[in-house]
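In the two assemblies presented below, subunit A is common to both, partnered first by subunit B and then by subunit C.
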Partner chain A sequence: MPAGVFKETYEADMAFIRYPIHKAALIAAIIALLAAPAVLDRYYLSLATTALIFWVAVMGLNITVGLAGQISLAHAALMGVGAYTVAHAALKLGLNAVLAVPLAGITAMAISVLLSLPSFKLKEYYLAMASLAAQLLLEYAFSRIDPDQYTPVPPEAKVLAGVDLNNPVNLYYFTALVAVLMAVIAANIARSTYGRAMKAVRDNDVAASIVGVDVPLTKALAFAIGGFYAGVAGGLYAIYSVGIGWEAFTLIVSIELLGMVLVGGPGRVVWGSLLGVLTLRTGWTLLESQLTPLLSALGMTAYASAFKYIVLGAVITATIILEPEGLIAVLRRVKEYFRLWPYSY
Partner chain B sequence: MSLEEWSNLVFQGILLGVLYSLVAMGYNIVYRVNKSINFAVPQVVLLAAYVSLIVAVAVGSFIAAIIAAVLVSIAVSMALERTVARPLLGRPPVALIGATLGVFYALKGVVLIVGGSRVATIPIDIDYYEVGPLDIATNDVISLAGALPVFASVVILHRKTRFGAAMRAVAEDAEGAAAYGLPVKRLMLAGWALAGLVGGLGSILLAIKTQVSPELEYFAIRALAASLIAGLDSLGGVIVGGIALGLAEQIGSKILDPYLPGIGRDIAFLVLLIVLFVRPYGLFGSERIERV
Partner chain C sequence: MQNSSSVIGEAKVDGVWDTSSLYMKKYGAGERILWTVDVTLSFGGVRALDRVSIVVRKGELLGLIGPNGAGKTSLLNVISGVYKPEKGRVFFKGIDISNLKPHERARLGIARTFQHGEMFHSMTVLETIMLRLHPWHRGSIVEAALWAFRAKRWEVEAREKAEYVIDLLDLHEYRHMPVGALPPGVQKKVDLAAAMVQDPEVILMDEPMAGLSREEKDDIVRAIIEIRETRGTTMVLVEHDLEVVTDICDRVVVMDRGKVIFDGPPHEAVKDEAVITAYIGG
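Moving on, here comes the complex of A and B:
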């Protein structure tokens, strides 16, 4: 047992803010979130907005994969379901895009529950393959709904109660509001009865059923919540975009999302997911903007997307092999070192 | 549709099915020795096909193209065993799924550099023959003649030789096999190499039968579906599963196409979901009994 300050009650151990560093990080994060539009120019603001959107999606996948241990390779397709729901509700029904976002979440949730049915019988590789099959079948459905790969999202549908979401600053604050709300919900799901039931199912589903956990219900719930998050993220993506095409929701995006969960920290729903998005999406975009002049100087501009795949793929594989709990475990080790310093034994 | 059209449809279905089973066998062998699926195979297949195309154009000999494809596939497969699968031994399946998908992602970049997304055919002379009601082309003959001996030798290797018995022992219980003095790690490496060999051969035969294009990636994913339809731990079942899938795809797309244009590519996944609902461990797979 190392030296240091330890929590003595269960409540203290499960609290949101356990150490001074958590408080400091939270305050810094809130200030950064609120001040971002004042500091960042349009390009970086849109980068921040997409990061928030993907954060919502990855939190959902982290609940399905990280908490409940149910592998899903259909998450990008579920995002697509949400995005098409919003686009079509605005186009065909004249519904306000903002009001259509919950609808998008519910539609994706319904399809996700349908996808959870194989998980009652299947595990691991078989389940991964069943969700991969679902992803490709949904891609086929998208290609029938949207053969031109372009469905416009009408700008007049993005105005609610005088707030115009076509303005990037308004859009940023709206996305941030939704993302933070979803993050608070996700953090509480992880601490609730259902969250602990999911962890039990992940660690050993037979043992979980013996102690009285309703395993099929827990699995269905994990898929339902994951699907809802994916649908909301897809809806936000549709509001963010001028028009959507299904090439944004293909298998390779599903792999990216799974990569973000595993790189950030599986089971660490809020901060792990954020770290995964910031590393694999925002981090790469920032790196790419630095890399592009170098590549064009070398005359290798055509290989830019190839480098993206090679670097990110290597990062995903290396992180999984070297750091099973994701990059957030590295942060935790750093935090623990300084918390216990200088008596870290 | 006339009898002649039907018989050609069935023949093409069987031919595709044989190639499906060849690629599916690669997944199967890896699953047997390592209890894991190598999700990177689709990109390895594509990479091998592009390399063989480049070699075939440069050297002008299609034997050289076959050798190149097989060598690339074996090399990548063995490298994956050493750098990805072995460090992950004993970790939960999600780690291996994630890691091989990461390799899938990285290899996609390599494929983009090597081949772009070109569509091309391997340069060989194709003649057409009429045998009864069947129209047979030279490339059909090559793919059948290439695939069947490989099936036979893998099955014989697996069932009749000491090496095959050792591999089956590792598949059954790696720790027990190690206790009997079997070189488990070397056998696993050999398993992955064998999987690479079948995969590479499947890749080049596919390229000869159809063409080299990014579509081969989806073919290999459908082959994984075939392998699951058969059941991951059944070597003989893979052949039946692959041929059943090839037939289902040809006949299904013919029947469904007027209602659902372009469904052909995704029939495999419909069949897979139905099979997994009815028999979760595949048609010929053995059910695992879990203890706590």
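Moving on, here comes the complex of A and C:
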């Protein structure tokens, strides 16, 4: 009798679920996702919801930056485009916010493709500069569209087919559904020939063009997908918020998103992004709630926001130095250790 | 005296350079599959290739040798479409491919390996090999995103082709390892496998043995012989190592300073005065 897991087709060997442990993990994840509202109180549930929203955004950025190697500092602005699309579609057109989410994705995608044009000529720092300009330009546009820094998202637009997304539990389930769907899509793109083309462009774009990869098209595609994810995340953020202000989509947020990609694992589109969000966003929020009383006891409340960037900066720098492949690589080493246990190799 | 570099390619038929008649005279019958006519290429003031005309016969293993800077790699780059020559043309199976892009030439059946095996250092062996099938890919990005229909069928098909060459070149254990983490000998084998996955009629190998140890060289030689025996692929081998070339090649073309200085059987090449002078320096 054969011992172990054997595959008889390449299709089976290329599936997401290849080993019994995958199936077990999937079931555990589904139960955890479904049971979260029952276990978590309102505060933690909203933390989970924002984590899922940012997961979507970071997956998109991870495709642009991690997979295709095209640095973008305009990702938060693209989220803003998505958020304002949903808010304005609901306010002015009376469109349902849920139905406006795909529209938000497409709008941000269109703008992201425009932003990809400099990438045909520019690389690395120069491309980062170009995207920085785009971020500031979009911020300026937001400040003209939304001078009061407050655009309400009408609550009546958040009800679709009897499901009221003003209810945090419903909103959580909706966000989780969208996030999981986007994660599956991201994983599929990463393992497809398009994903390989992006990796080839990242590693060596001249060689990529020699082996038959259309480099400009691949870059545009990476920006388009990244933009779509940012737009959807922004749209979800608008549904999550009572009202949106553009201070949520500034340059510093773009840099934080980039930090999440670097810390989680660049190129590890799904799980790396999730780890990045859990560390830098959720992790920080939890830490902050512990630190705030401490800081106020020390009379340092005024420095609270500076403190945030000192800690985040230190975490990002430490990750880049100690584990350039991100925290996901640490997890993989742990997995490898237990796979071989009790032997060392 | 007539320079021996232009023995082939001197005949002008109807105003077009044609090598066929002289080729036939020199080598007799035998189908030519790939040939260049008077290829000239300069970098700035340096003439890398000077009216180079070579012929590759179907099924043969042609060694392309010469000292550093002789223009071997440049010629390979012209044939595979990386460089566009100033003058001259490249033909493949009777078709003028001079104006085609590298991947269009790949689609016609010309594959190549690279001097630096570690081209996509963070990609795994399997990904590197499957990447080379990208010009043939089917299925839109939407199908790929859903892992469905044509995209899924194509991925499975590509995987099957990749596994065939992994099996052929014995790369099983490295399948999921990033190419950058592999020893140079294995990287070169991966590169060879990546070229083979395109199921080419001609494979151009750019110094597949440069910088390798004796054992690694033997491994590559075995792989080359294995491919010839199982697939009958026509091969052009750019190499420094004269010993390897004389051992396995059917014919050699020796280049020096952008010109062809010898074209014939390997055992004659090592005795040829012009070749010896070029190698030793004179």
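Worth a mention:
Everything below uses one rule, namely that the second predicted complex is superposed on the first by the 320 of 345 C-alpha atoms of A that agree within 3 Å, B and C clash if a C-alpha of one lies under 4 Å from a C-alpha of the other, contacts with A are read in each partner's own complex, and residues count from 1 in each chain.
Basically, a residue touches a chain if its C-beta (ideal position, glycine included) is under 8 Å from a C-beta of that chain, and two chains touch if they have at least 3 such contacts.
The shown structure was predicted, so the numbers you read here are calculated from the model rather than taken from an experiment.
Partners subunit B and subunit C, brought together by superposition on subunit A, fit side by side with no clash. Annotation: apex subunit A, arms to subunit B and subunit C, angle 80° (C-alpha centres, rounded to a multiple of 10). Using the contact criterion defined above for the overlaid structures, shared-chain residue A:Gly105 touches neither subunit B nor subunit C, since it reaches no partner. In the superposed model, B is the one of subunit B and subunit C that contacts more residues of subunit A. Once the two complexes are overlaid on the shared chain, A:Gly313 sits against subunit B while remaining clear of subunit C. Contacts of A:Gly234 after superposition: neither subunit B nor subunit C is touched. Of the two partner chains, subunit C is the only one that A:Val213 touches; subunit B does not reach it. Once the two complexes are overlaid on the shared chain, A:Leu221 sits against subunit C while remaining clear of subunit B. By the document's definition of touching, of the two partners only subunit C reaches A:Ile185; subunit B does not. After superposing both complexes on chain A, the closest C-alpha pair between subunit B and subunit C lies 8 Å apart.
Shared interface residues of subunit A, touching subunit B in one complex and subunit C in the other, are 204, 207, 210.
Against subunit A, in their complex, subunit C makes its touches with residues 80, 82, 102-103, 106-107, 114, 119-123, 127, 130-135, 137, 139, 141, 144-147, 151-152, 154-156, 158-160, 163. In the complex of the two chains, the subunit A residues touching subunit C come out as 9-11, 13-14, 185, 188-189, 191-197, 199-200, 202-204, 207-213, 221, 225, 267. Partner subunit B is touched in their complex by these residues of subunit A: 65, 69, 71, 73, 117-118, 121-122, 124-126, 128-130, 132-134, 136-137, 140, 143-144, 204, 206-207, 210, 252, 255-256, 258-259, 262, 266, 303, 305-318, 320-321, 324. Residue ranges on subunit B touching subunit A, taken from their complex, read 31, 36-37, 39, 84, 87-88, 91-95, 97-110, 112-113, 218, 221, 224-225, 228, 232, 260, 262-263, 265-266, 268-270, 272-273, 276-277, 280-281, 290-292.
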